[in-house]
Structures are given as structure tokens and as C-alpha cells.
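Accompanying notes for the structure given below.
Order of writing sets the labels: A, B, C and D. Residues in every chain begin at 1.
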Amino acid sequence: MENLQDLFDKIMGTARNIEEGRVAAYIPELAQVDPSLFSLSMTTLDGTTCSSGDQGCFFSMQSISKAATLCFAIETLGRDKVFSKIGMEPCSEPFNSIMKLEMTSSLPLNPFINAGAIVLTGMFNEQYGSLAIAEIVDFFSRLMGRQTRGSLRINENIYRSEKATADRNRALAYFLHNAGTLSGDVEEALDLYFKLCSIEVNTVDISVMGATLASGGRNPVSGEELLSIDTVYIVCGLMSVCGLYDQSAEFAVEVGIPAKSGVSGGIVCVVPGRMGLGVFSPPLNKSGNSVAGIRALAALSRELKLRGI
Amino acid sequence: MENLQDLFDKIMGTARNIEEGRVAAYIPELAQVDPSLFSLSMTTLDGTTCSSGDQGCFFSMQSISKAATLCFAIETLGRDKVFSKIGMEPCSEPFNSIMKLEMTSSLPLNPFINAGAIVLTGMFNEQYGSLAIAEIVDFFSRLMGRQTRGSLRINENIYRSEKATADRNRALAYFLHNAGTLSGDVEEALDLYFKLCSIEVNTVDISVMGATLASGGRNPVSGEELLSIDTVYIVCGLMSVCGLYDQSAEFAVEVGIPAKSGVSGGIVCVVPGRMGLGVFSPPLNKSGNSVAGIRALAALSRELKLRGI
Amino acid sequence: MENLQDLFDKIMGTARNIEEGRVAAYIPELAQVDPSLFSLSMTTLDGTTCSSGDQGCFFSMQSISKAATLCFAIETLGRDKVFSKIGMEPCSEPFNSIMKLEMTSSLPLNPFINAGAIVLTGMFNEQYGSLAIAEIVDFFSRLMGRQTRGSLRINENIYRSEKATADRNRALAYFLHNAGTLSGDVEEALDLYFKLCSIEVNTVDISVMGATLASGGRNPVSGEELLSIDTVYIVCGLMSVCGLYDQSAEFAVEVGIPAKSGVSGGIVCVVPGRMGLGVFSPPLNKSGNSVAGIRALAALSRELKLRGI
Amino acid sequence: MENLQDLFDKIMGTARNIEEGRVAAYIPELAQVDPSLFSLSMTTLDGTTCSSGDQGCFFSMQSISKAATLCFAIETLGRDKVFSKIGMEPCSEPFNSIMKLEMTSSLPLNPFINAGAIVLTGMFNEQYGSLAIAEIVDFFSRLMGRQTRGSLRINENIYRSEKATADRNRALAYFLHNAGTLSGDVEEALDLYFKLCSIEVNTVDISVMGATLASGGRNPVSGEELLSIDTVYIVCGLMSVCGLYDQSAEFAVEVGIPAKSGVSGGIVCVVPGRMGLGVFSPPLNKSGNSVAGIRALAALSRELKLRGI
């Protein structure tokens, strides 16, 4: 893997010098992050991890949590229940569009838009009550092979900030509740949603998560069987079609592998049968995706023929 | 390849007995087709083809032509020109939505919706004038390795029927022309569009087209280098995100490989680095995709681990 | 006015026998009302009032309050401030559409849709703080010539019910707050909005309100000058274009005078230079307007040539 | 009427000096008009006409024809047939919106948007065949008291220009035809629509048309009974709610009487029971309405208390 480390270092070196994009600013905690941070990690199916850059640095999962949440949802509630209230369609509207909801009779188009993820946290609250957050954090920790590195933690500052500036998500949630799509207490569903967005990870964590999906459901670090193959197919299928907001098609062209991004600047990727990748660089393009992260993944995809050609 | 033929025959046997879906009826020529026809073909990168079912039977390309058209467009006009008037975004609206056009300032979301494909035929007319159709049919023929099997033909009955019942596409085209997105004569752009939809192929043809993309641009039957790797990345990327109308995300979950469908009942698929697939069965689901075709592809995808897992 | 009383009684007799429409059921307090109640009142510019039917019966103002609220808003905040955050456009969407808001960059189309009225209660809270409700109830009372009949009251049961079942309005309000259109505390703006909807009136009250507008701003019962002519022009102009939700154009055809309806079954009308009218009958059509109320007003409009012909 | 002439001259003098707005430029024939032209006419119910400004000058009816067309449609086809394919709703979208049509299942919201008017010309072609234009021009001529002044004429240059630059209307028409809302030949329906838009009138003509509506249907110049009172109620009702495109509510506030505008710069007004008004000044605001025309009408409305107060 020596050559691979060289490749990583080269790609990292080029990508971290890109001076484009702007760090997310909707909450102060995200705005304060150092924009020059960059980290890239890969975990192969034999459990080996290789990293480059500021690999220790943590960031909140934000929408990356939606992919992990979907894994948990299908495994614990079942595919039928999950997709009884959420669609399986691409979405060309912004991630927080209410208009689209009104046009689709309040059925969120897919689990990766905010409306869909909030419907899921409502289901978790119904199922697990106050234990929901602990159950989910435990699942996420195992998904990321945290058994030996300590459990994941919620960044309290980010959680409180998210909660305090959540008018748009609150509007979505009350709209969904009014339509009967979101069950239970609205504020509690939102609270759990904000907590999941605020879980802190690094690129090693998400590369292990990606590798777990890439292997067909078995965590290659811990050896634990976590996901059925059907769950993997669903999550990877949706990642490939709508994992990067309205830039999903462009990402499919430039990188061409299933992925899920978050506005903190992280992206998790799955190369089925081969590896998981995690990248982190805070400055975002107008779609809300990491500029340097995508650039690094595009280079890696071509160099390693990640899409098969 | 004996076992593969057995697998094909088994999958074909199961799929052709599915009694769901309805044959497209918007023009009489499509409505008259025998719904029990079924054909499945695979072409691997060594140029070998394997088929099962009514493999000789022909069908009009319909929207499958949009994938071949995009190949021709990028190769001859260049990526920049093509995407100066067309977006690269998923689309959750129906394939012929005008509403979406009005909301996006008349920029078709991608080249696989009717509006996008009509903008391309307008560009071809500007570039090639009356020679456009001959140029394109020649390109399509080479894409499908037709050198030894004779050039592709347009089904005149279908072409005339399409043209006579094209109010919706005509509305789209005049709307695009008004906005300056479609250049040149509107009726001539529509005429070329209908001709391309009416080109007749069989599943062997489209499996070779798929294999040409799967190989990175070299036709494995004729050995001709037809597409640059960048063209392949674009076409396959869009196929994976928006190749099956509003069922694209579900197809990504169930089958998980780049594909493009048409309302005649055909689907072309690409397994990068491995093979091309073509399937044909006329009865469609409500999204306009072949019911038995998708069922067969889903079975094949699992059996042959086409997505890598 | 003897003949007028006969006409009223005749129209009342016919209208109250209409067995169409359904009483509003979104809160229990509205659903429990006696559907056979009917009341019709007229106040002419000399201060005379004539009534027929169950003239004493009270009902909550609901959206009728929006017309009185707009009077108060323009008189106290000024036209410029009011229309800095709210448009002056007809609306063909439902009264609680969020889609429309998203398409108009969060500028409510007019002050008679819920979003517009909530923006106004936010402005009142900013201006008057906790005194807002007292100020407004006092103004409404004077608008309806309540000086000798005692001040208006809020129906506490209705207010509490509105507040408890307000997901859709809550979604609107958080959406508006997120966009910066609604200032101040969201829940307090909603609270004031629900209180104004819950103010109890009878048809005499609203006929005096109508007469005050019809006179150009002077309450013909109390003699008090309450509204400038510019305020009257604005309120009556909007009533004529968007006073009856998506039935406004049909009402302009059938009745042809400025009016504002509410889902409790009341309608206030203005016949400029002549009189104010109030009608009440709980069963509503699908647009949310009183079936028998509109029928009675249409008959009255033709009999008394209320639109001038 | 001496004082009235003075008032007219004063208002005309003020309004014609307004240097705002831009002359419509979508066809060359409209763009070439002298922007300083201004004409104001009034016809009272005794048949007297009073004018000021360039009263002889002609302009094409454009959307003013939609009000006259609706008169003809209801009188000859009946209210039920007319409103079987067209709604009676206000419209907050632009006059040529296709989006709105797609959302309302292809039912044009009202007869004053292009889609609604084109559906009517399709009905006329079905009813009258090639005689339609002659029938309608004769009716329009009588509506405007042209018996002694010679029949109305179509401006051929404008008609041909409209027809040549009609992509947007063509898109609307094919969309409507596809949905079954527009019957018969699409191009013929468009042809008749363009002819009606190109009929030339002056402000005297349209003031007589307004007076005919104001009288309840009897042309006060010729004495001919042309419209039933029900037709008058429908046409005036729609004029008051949606006569000035998306500026209809603002016009109801500023002027407060039923009216219909056209992009040539003309506006016809109805003061029920009193008079008809016609104004013409080419420069338009962004809604497509005559700036100086509205200014003059607003002044006149206040001076003469046209809305009753």
C-alpha cells in the first residue's frame, strides 16, 4: 500500500490548495472551522485503513447522518415501514423545499432530504422513546468500527445551535405533522434530528462506514455483520442517485460511485466490493458540497478506476 | 459460457411469464405489439454475445435513443456546447413536464428528458442540416456494431405516428424556442427527434451499445474506438441517476447499474468493465418502464453481482 | 324600510332552507355549531340597522378578522410598512399554501391569506408588545360601533382549540420567520393571530363594520371617524379581488361587491356609498365560504342592484 | 359637461407628461408606436361621448379583445359551455404561464389569460368555421357602436407579426390540445386568436363598449340590446378580479372599477350604472399595463367618485 499512500498524499496536496468555496455559515459553530483542514481516508475490505492530511480532526456528520440513519431505520423498522411514509425518488429541488412537499401530498421524495430524515426520527421516537438517541449512537458507533476507539459523541454546541436556528426545519416538521406524515411530538422529532446531525466523526470513521456498505454489510474492521444485503442495496442505490443534493448527477459523472455529503464538508463514499472512502474539507460549493472533497474523489476515481473503467 | 446461457434461459423463462404492466398505447403502432415478446442479450468485453428469448425481434428505440444521441452530441459538438443549454440534474418530474421548464428558466434539467433531447436535435440540424439524420444513423450503427449486420433503419409507420400525435412535444419545443434554448426551425428539430425515436433495434444491438460504454468507449465487436472516456463517464453517470424516468432511484436500488429505458419496452444497461445488456418486453409499469425487463435485470444483477456485491 | 324588512325576511326564509355545505370541522368548537342558524343584517349610512333571522347569535370572526386587522394595520403602521412585507396580488392557491410562499421568496401575496395576516400580527407585537391584543380589540369594537353594546370578547374555547391544532399555520410562520418576513417571536405572533380569529361578533357588528367602510371611514352608528379614505380604498380593493379565498372571482360574478368571509360562516360586505351587510350561516362550500350566505347576498345584490346595475 | 371636459383636459395634461414605462417591444409593430400618444374618452349612459387628447388614434385591442370575446362567447355559446373548459378563478401567475396549466390539469384559470382565450377561439372555429372572424368582428363593431362609424378592421401588419412570433402561445395551444381542452385545429385557433388581438380601435370605441356593459347590456349609442344582464355580471365580475394581469389587485385599490387592459396601452373601464371609459397611452409598467392610463383613471376615479365613495 506504499504507492497508495503516495497517491493519497499527492491528491491531498493538490486538493487542499484549492481556494474555492465557502464554509457553511448558517450556525456560528460551522462558520468558525478552519477552512484549510483536509483529510482523506480509505478502508479496504480487509480492514486496512490508509489516511492522509489532518486525519484526526473531527466534524459533525450533518447530512452524512442521513445515510447511517437509513441503515438503522431499515434494519430496525423494516423496509416496508420506512417507505410507507417516504418515497424513493430523485429530487431536483433544494434539500429543504416545502413546495415539493406540497406538490407530493406531503410524502418526502426520499430519506436523504430533510423532510424524509425528520419523518424517520419521528418513527424512532415512537419505537424507542427516550432511548432512541442511545440506540442510534450505539449503532452508528458499530457501523464505524468504533468498538476499540470509543463511542461517538454529540457536539453539544453544534446541537444547541442547530436547534436554535431551525425555523426552516421546524416549518417542514409542522407541515409534515399536519399532513399526518410525521407522527408523535414535532419538537422531539426535531430534537433527535438535530442530535444526529451533530454527531462528531473523522474521515476514518466514515471510511469504515463506507467499507461496511462496500462489503455487503459486514464491518471489515470489527468483523460484525451489521446490514443485510437488501439494506446495502437500498442505501447505496439512493446514495448514487441523490447523495449530493442537486449536484448528484454531476457527481455521478465526475466521480461515479455511491456517496453522501454533509454541509460540514464531509463525504462518505462506497466502492462496492472494494473499499469505503471518507473525505473532509469545509469550503462548500453552492450545492452545499465540499469543493476540494469532490476534486480529490474525482482524481482518485480516475486513478484507481473506482467505477470499473 | 454454458452456465450463463442456462441462467439467461431461467431468468427469461420466469420474467416472460409476468403478467403485469400495459403496452404503451399513445400511438397505434406501439399498441399493436405482441405483449408476450421477450428478449435478453449480453455482450461481454471480449465481443461475445449471448441471448435468450425472441432475440431477433425489433423494437423502436424511443428514449433509449437519448443515450446514443448524447454520445453523438458530446463526441461531435463537445461537452461544453451540449451542456450550455442543458443541465446535469436529476429530475423528479414526469419526462414531459413543462412546469419544470418554466421554473428552471427553460433550461432542460438533463439530456434524457424530452426537452433536453429536442434541444440536441436542434443543435444537430444547425450543425449538419439535412445530413443530420444520415450522420446519426451511421453513428448509432457503429455504436451497436452493425458493420456486419447492415445499417439501422427507421420504422416509417412509427415515425409518422409519433409526428402526428406530438402535441405535448410540440408544446415543449415551442416553449424552448420562445426562450431561446432551442435554435433553428422548431418543426425540423421535432422531425429529427421523432426519427431518432423510431430507429429499430433488437436486444443484441443495444447490448453491444452497452458493451461499448462498458469498455470505456471501444466497441468490443468491431474493435472501433468510438467514445472518449469522458463521454463514457458523462453518459453512464446520467444513466445511473436519471435513466429510468421517475423510477431511476428505485432502479438504482433494485438493479444498481447505469441504464436507459424506452416506452417500447427496451432497456440498455452498462456494467462498467464487464459487459453490456439489452432487454426487451413491451408491457410497462406506470413510470413507463418494462416490468419484466426490470425483473429480469434485478435477478441478473443479484446472480452475477453486477454492482460488485 | 318596511319593504326592506320584507325582502330580508323573504331572502332569509329561502336561504336558510338550503341544505348544502358542511360546517367547518377542523376544531371541535366550530363543528358543534347549529347548522340551521342564519342571520342577515344591513346597516345603512344613516346608521339604521335592519336584521332578519337569528340576529343575536354570535360566531368567531375567523378570516373576517383579516379585513379588520388590515384596517388597524394601515391606520397604525402606515401603508408603506404594511406592504413592505406583504404583496397586493390576487391568489389562486389555497389560503394556507406554503408552495406559493416558496415561489414568491416568502412575500405573502396579500394580507388576506394566513401568511399575510401572521406577518401583520408579528408587526403588532413588535409595536405594542403585550398591549397589542387590547389595542386591537378596542379598535375592532369601535369599527363595529360597539360603544353602546359593550366591547368585543374572545371566545376562549375557540382560541385554545385553534392554538392546539395549528400545525399548518405554525409551518407557515416558521417558514416566514426563517425568511425574515416575520419578525419577533413566532409563537407570540401565532398566539395573537389565533386570538383575532376567535373574537366573537354577530351580523349586526359586521354590518356596522361594512357600513364604516361604505361611508369612506366614518362609523355611521357612532359618528366616529375611524379610517382614512386611502385605507378604505385599499381594504375594499382587496376585498373585491381576494375576499373569498379561491372563490373570489365567482363571488365577483354572482354578488359583485367587496366582501370578506370566514370559515365560521360569516361574511361582511361593503356597498360603497350605500351600506354594510353582514350574513351568517355555518355550512360551507369546498372553498370555505358560507353556502346560504352567498345565496342570500346574490339575491340581495340583484334585488337592490347593489353593484349599480 | 363643460366642467367634465375641463377635468378630462387637466387629467390628460398631467398623465401624458409621465415619462415612465416602456412601449411593448415583442413585435416591431408595437415597438414603433409614438410613446407620447394619449387619449381618454368617456361615454355616459345617455350616449354622450367626451374625449381628450389624441382621440382619433387607433391601437390594436390585444388583451382588451378578451373581454369582448367573452361577451360574444357567453351570448352565442352559453355560460355553461364556456365555463366547461375554463375556470373562474383569479390568477397570480403571468398571463402566459404554462406551469399553472400543468398544475390545474390544463383547465385555464379564467377567460382573460391567453390559454383561456385560445380555448374560446377553438370553440368559435368549431361553431362557425371560416365565418367565425366575420361574426366576431360584426359583434365587436356593434358592441362599440360602430354602426355609423364603419366596421372595425384588423391591422394586417400586427396580425402577421403576432403570428410570426407566437412560440409561447403556440406552446400553450399545443399543450391545451394535448390535454383535450382545446378542440379542433391548433393553428386555426391560434390564427383566430391573433386576428382578434389585432383588431384596431380607438378610445371612443372602447368607451362605448364599456358603456354597453355599464348600462346592463344595452349599447347607449345605438340603442341595441346586446348583452343579457347575466353576461354583464360575469364579464364585469372577472374584469374586477383579473382584468389587469398580476396588477389586478393593485388596480382595484387605486382605481376600483371593472377594467381590462391590453399591451398596446389601452384600457377599457366600466362604471356600472354610470359610464364607460377608454384610455390609451403606450408606455407599460412591468405588469404590461399602461402607466399613464392607470394614473389618469386613478385621478378620475377619485375626482368623480367612480367607486361610489
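Please note the rule applied: a residue touches a chain if its C-beta (ideal position, glycine included) is under 8 Å from a C-beta of that chain, and two chains touch if they have at least 3 such contacts.
Only a predicted model underlies this, so the values are computations on that prediction, with no experimental measurement involved.
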item: Other chains in touch with both chain C and chain D; value: none
item: Homomeric contact chain A-chain B: same or different residue positions, threshold half; value: same
item: Centroid distance [mean C-alpha coordinates] between chain D and chain B, Å; value: 48
item: Rounded Å distance between chain A and chain B, as computed from the means of their C-alpha atoms; value: 32
item: Computed distance of Cα centres, chain D from chain A, in Å; value: 57
item: Sequence positions of chain D contacting 2 or more other chains; value: none
item: All chain pairs that touch each other; value: A-B, A-C, B-D, C-D
item: Interface residues, chain C side, partner chain A - complex; value: 97-99, 101-103, 167-168, 170-175, 177-178, 186
item: Residues on chain A engaged by chain B in the complex (per definition of touch); value: 88-93, 100, 109-110, 214-216, 229, 232-234, 236-238, 240-242, 246, 248-254, 256, 271-274, 305, 307-309
